[in-house]
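First chain A sits with chain B, and in the next complex the same chain sits with chain C.
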Partner chain A sequence: MQKLKSSHHMFIQAFMTRGVMNGTEVFNLLKLSCEKYGDYDEASRTQLLLDYCHTINSNISMLGLEIKKGKDETNGTGYYGLVNTVESNITLLASQYTENELQFFKMLLEEFVKSESGTIGSIEALGISEKIPKKMSKTDANQLLDRFEREKWIGKSKEGRMYLGIRGVMEMEQYIFEMFEDFAVRCNMCKKLCIQGARCMNGECETRMHFHCAQRVFRGKSEKRCPECRGPWQESSQTRQADQVEME
Partner chain B sequence: MSSLEAGERERLINDVVKYLLILDQKKIPIKKADINKHVLKESSKAFPHVIREAAKRLEHLFGISLVELEDKHKGSFILVNNLELDKDSYHLTWSEEEECKQGLLIVVLSIIFMSGNVVTDSQLWSALKKFGVDQDQTHEVFGNVKKLITQEWARQCYLELTTLPNTDPPIVEVRWGQRVHQETTKRKILEYVSKIHGIEDVSHWRSQFADVQKSERAEGDQPTTSSQTT
Partner chain C sequence: MAANDDAEFETFDQDNDARRRIRSHYRTLIQDLQDRKDDLINPESEELEEKLDQINEEFQNVKRPREAVLDSASVNMIANIGRLKAQALSTEFVRFSPAEFASRISSYFGCRPIAHDEEVRISANTWAALGRSAAPLFASTPPLNLMLGSFERGPRAVRERQPRTQRAQDSQNQRETVPNQLTNFNDGDKCEATTEEVDRVLKILKSVFRKRKKISFFEFVINPDSFGHSVENLFYVSFLVRDGLAEIFIDEDLQIPMIRPADSGRRNAVSEEERSRQRRHQTVISLTPGDWKKLVTVYKVRQAQIPPRVSTNNGNR
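Entry: the complex of A and B
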């Protein structure tokens, strides 16, 4: 196992304070770390990034930590984040929230996973404040939701609907598959957890794909057919209808 | 340690590492008693070995030093970054609020240092008034400054507050906290003050510069300790 150098330390320290970073931010960080403590070659930066993540991960895996790559479900943007691979009392998420707030988050997760569109409205989200062990005021619930959003555990669409954010998707994937195995679905294309995505319109077919994954699968194709059953695939206009049904 | 299996030992060390990382986020020194209570539990006897290994792991994985505090904070630990943090290598980002607070802290530390390493609280408040910071008013950025200085920063060991006995009204002396000595140097603060005044040469400040030199000589005699176990 390769020993970690100061450049690795700088790289991982940034993740510890920032949680998640997009591709541009990560490459900037890589450049900063390597230029300060070592060598940097712009041309081979992609490979360098892979090497860095691999080296760091093999070292920190003993702590149940990993730098993972994930994609924002709403737009397919790639992100890197430092996540816990083991759920325990001693996790980075647990430290910054109270037990009650964590319960709120777990109930939010349940709502996201069980919803048709992977999103819920703000009224439903606030309603959780009454279901948690220690009831929370709506004002506090609102502030908590804002905080979750700031730290990218959840996201909010223009229409005010909430969904599991990039950090939530990366960190809670394993938890969701374990806790909600009857509801959690994998994307047919990338095989990762899919909460927000498009589906096959054939009633008997359960196939789903992330919007960004579906875009790649159907690129250049005139007709969208389900990769499993060849049935008709959901058109983007139909997505909005599904949302509308839920909102009523 | 022979009573603990290797696997169990590993788990405890890793749990302590994570515990330290998490608790240090609040910047409040971490007590040995809490580590024993929340992490080691029945294996508290293994503390010396576990904390030593945890310190090594923090250095190796994150470039962070575990430092045990002294005197009245003995038995508590803080984490100190081994990496030099300067303007060019700003890989750590803080919220705007935190950055502003850090700015105010540096001002307070400067006031203390330039006054000979100790001021009374009333002297400090007089000096801060010139910066538009008043202990009786809620500051639009810093909020309750009195609480920030007398409680938050004191708990975090950025400041050391000592109430003088037999004084009425009570006089409180304010000094640099132990954490400050780990995170910066007198020279850096003097350089900062010089810069604000537009003065190139720090030796302009005779007594403070002598103080800096004295500290640096003293540090040169002692090896820097990164972690000590009881």
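Entry: the complex of A and C
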């Protein structure tokens, strides 16, 4: 197992501060870390990034941490994030949120997964403050939601709907599959957790795909047909959002 | 890792004499710290650091918990004395003056030094540069923010599979009537103003009904000029419905909600006992400003059918 150099340390610390970063930010970070401590070759940067992630992951896996790749459900942008992968007595102590706030998040997760569209309105989200063991005022709940949003656990659309953000999806994916077995769905195309996505309009068929995955599948096809049952596929303005962004 | 384990195992059987010596060293040190506390607090002297160095050296020989406990007790004492030393440090002549701080910042970055009371703009880049130059002084490591594993899992969510038959677009109409909670049923001796207003609305309803026979509920209730008024009107109408003085129903032809006074062939106000014997139907109507605007457009409400009352002693108009 290759040992970590200072450039690796800098890379990891940036992830510890920021949680998730998109493709551009990650490559910038890579360039900074390498140039400061070692050598950097622009041409082979993709391979360099892979090597970095691989080396780092093999060193930090014993701590239950991992640098993972994921895609934002709303627009398909690729992100890299440092996530925790184990639950233990130590992780119970490790959070900067109070127990009550974490209960709030737990219920919020439940709402996201159980909702039809994967999003909930802001009033519903605030309503969760009534359901947690120790009630929270609406102002506090609002601030908590803002804090979750800043740290990218949840996201907010411009219509004010809230959804599980990229970091939340990457870190809680396994948890969601295990805790909400009956509700959680896999994307037909990429096989990962799909909370926000388009679905087959056929009543019997449960097939779903991420908006960006569906856009790939239906590229160039005039008619949208479900890949499983050939039934009609959901038409929605959401698919146009995925048109704009491409993962590098 | 393996090599270290072996080494520890070897020295685990430390000579009892050696251990006794270590322990007595620590005890002397601790005694000394207690006796000479006042000397050590003096900010001028370096002795406290020397004591700490001594303890660090001694710790190299420590192999067992018993000695380690003594070590931690002495370090604890040093920490406390250190705190007292810091408090004793006199900062009388070094005070923080915001004005001076500001002028130093601006001169540090090449802007002209500020005279007293002057205002100077500092660009965002300059602030960023200030941050960058101050950063090395705060050698902080970022904390690790976890979410997974930070809370107990709790019971799993199971559900009885409901067949998902129609996934058609949900009808917009359903949004308005959602069966929910109990609305407040006691008047008590609350504002007589409300009762007055309710009476007024009832009178208006009756007179409009005499003229028109068919009144669309929303056209009646909505005031196109004021959202607040519309909500108030809804509020008063709800009292009428509760007391059985008005009825809301869906017109068969038009498929929209209508309202009419209840004494058109029916009984008058429902008494308290009768009300409790009946089965209660409850509805919560929610109206957001957005909804209100849409209703004004859709129903083409041009003029409020319930004219707003002249404000009396209510200050919030």
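Observations on the structure shown:
Going forward, the second predicted complex is superposed on the first by the 230 of 248 C-alpha atoms of A that agree within 3 Å, B and C clash if a C-alpha of one lies under 4 Å from a C-alpha of the other, contacts with A are read in each partner's own complex, and residues count from 1 in each chain.
Rule of thumb we're sticking to: contacts are C-beta pairs under 8 Å (C-beta built on N, C-alpha and C of every residue); 3 or more make two chains touch, one makes a residue touch a chain.
Computed from a prediction, not measured in an experiment: that's the story for all the values here.
Upon superposition of the two complexes on chain A, a steric clash is found between chain B and chain C. After overlaying the two complexes on the shared chain, residue contacts for A:3 are found with chain B alone; chain C is out of touch. By the touch criterion defined above, A:13 lies against chain B and chain C together after alignment on the C-alpha atoms of chain A. Ranking chain B and chain C by residues of chain A touched puts C first. By the touch criterion stated above, A:97 is placed in contact with chain C alone, chain B being left untouched. Look at A:62: by the touch rule set out above, it reaches chain B but stays clear of chain C. When the two structures are aligned on the shared chain, A:181 is found in touch with chain C, with no touch to chain B.
Look at A:50: by the touch rule set out above, it reaches neither chain B nor chain C.
After overlaying the two complexes on the shared chain, residue contacts for A:229 are found with neither chain B nor chain C.
For chain C, the stretch among 91-99, 217-225, 289-297 or 307-315 that collides with chain B in the superposed model is 91-99.
Overlap of the chain B and chain C contact sets on chain A: residues 13, 16-17, 64, 91-92, 94-96. By the touch criterion given at the top, residues 10, 14-15, 17-19, 21-23, 25, 39, 60-64, 81-83, 88-89, 91-94 of chain B touch chain A in their complex.
The touching residues of chain A, counted against chain C in their complex, run 13, 16-17, 19, 64-65, 83-88, 91-92, 94-97, 99, 102-103, 105-106, 110, 114, 151, 153, 167-168, 171-172, 174-175, 178-183, 199, 201, 203, 206. Chain contact summary for the complex, chain C toward chain A: residues 141-154, 156-159, 161, 163-167. By the touch criterion stated above, chain A contacts chain B in their complex at residues 3-4, 6, 9-14, 16-18, 29, 32-33, 36, 59-60, 62-64, 90-92, 94-96.
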